[in-house]
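Here the structure comes first, spelled out in structure tokens, and everything after it is commentary.
The chains carry the letters A, B, C and D, assigned in the order they are written, with residues numbered from 1 in each.
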């Protein structure tokens, strides 16, 4: 089952994991990745996530469908928050279920790698001193995404 | 922070994820794997997990400590259930947190691969027709564990 | 009107362009993104400067990632944006 | 008594041995697991059959995985079991 959401609201990780395992027939493993706004010594206050409404949902749905096919997933959940999120706040939830652990783990890895550089989201950082900085794309993220080509 | 539990009781996946992210300073990603008793067409009714009390906790704690060091994890949770678990029931929870996603994902993968063949647990399957069968070790699991050597 | 396409700009590019959306006329029934951009930059010095300073601009046609060699037709929805940074 | 070691058996091996724990005396102050097992199998036909039929038996000494070439000392806790199948 595919579940793709783009929303400002916080997601409930426990409920999402339960949802992935509830539909339990044939499921041996569930893998989840959750990304959050990293708190650090640099004075970051919040991230604002801009996206391309319409294209975002389309790309995430295609990505989820590709992961299901490629890794024989049973369930696949992609939730990405948009808008302003303070440090420590969850940003993204990727969840997969499959008969065996290897597929679920690989599926989650694939999804987060591809989503980082292939879905139309842009992060703008806001610091305590008022600075606002658009996050630069990282070459390492491009490489990680390309490793699944 | 290390958290290692061996118990019969069900764990609360949402609470465990919250615990991993609550201690949030410096955490950018949380990766979780949950294994459950696979429901299937073969008439499996339950699994009984036997373990070696004392050694189990020792091995899991060493494994968690190795993962923290090797993948620069910030938090690491290993919960393994023992006793009789019916189909669909969660068996194992592996959770890691780190600054960047790659470390958390690799840490979780490492832990579940190593735990499968390196921690003293043994599964006995019980089928609807009354048959009880000790699960054979799988060569693929040995290979997966050895891939981290 | 029949030759119109809608263009969206996102993130830093939206800020630099000073607008998030505009409608432009195609110079022909079917042109490449590259030809359209060249035409628009000739008419708009601000856009020319923004695009000259941003070598890694990406394009989507009808909400699908595309290249500057792909073809734009009347009624298409175009979008220009910097490399994506989600997750 | 000073030469005693405790042996645990787990899973299928526990069932085949018909016991989960026993105390045995070492033939010497320090012997390899292999030497101890050989001695025990000579005295116990049941154990000999079980071990002969199970080529992949693992051993732990004091709750740490070990090999049959490792040394057992008085007071050690030994455990024999099939390949582990957790997770």
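By our rule, contacts are C-beta pairs under 8 Å (C-beta built on N, C-alpha and C of every residue); 3 or more make two chains touch, one makes a residue touch a chain.
Per UniProt, the chains are C, D = Molybdopterin synthase sulfur carrier subunit.
All figures in this text were calculated on a predicted structure; none of them were measured in a lab.
Of all chains in the assembly, none touches subunit A and also subunit C.
Comparing the centres of all chains, each the average of its CA atoms, the largest separation from subunit A belongs to D.
For this structure, the chains sharing the highest number of C-beta contacts are A-B. Centroids built from CA atoms put subunit D at 74 Å from subunit C.
Averaged Cα coordinates give subunit A a centre that lies 49 Å from the centre of subunit D. Subunit A and subunit B have Cα centroids lying 23 Å from one another.
Within subunit C, contacts with two or more other chains are made by residues 87.
In subunit B, the residues touching two or more other chains are 35, 101, 112. Here the chains touching each other pair up as A-B, A-C, B-D. On subunit D, the positions that touch subunit B within their shared complex are 8, 10-12, 14, 56, 60, 63-65, 79, 81-87. Subunit B contributes residues 12-15, 17-18, 21, 24-36, 38-40, 87-88, 90, 99, 101-102, 104-105, 108-109, 112, 144 to its touches with subunit A in the complex.
Within the complex, the subunit A residues that touch subunit C are 35, 49-52, 54-55, 58-59, 80, 91-92, 112, 115-124, 134-138, 141-142.
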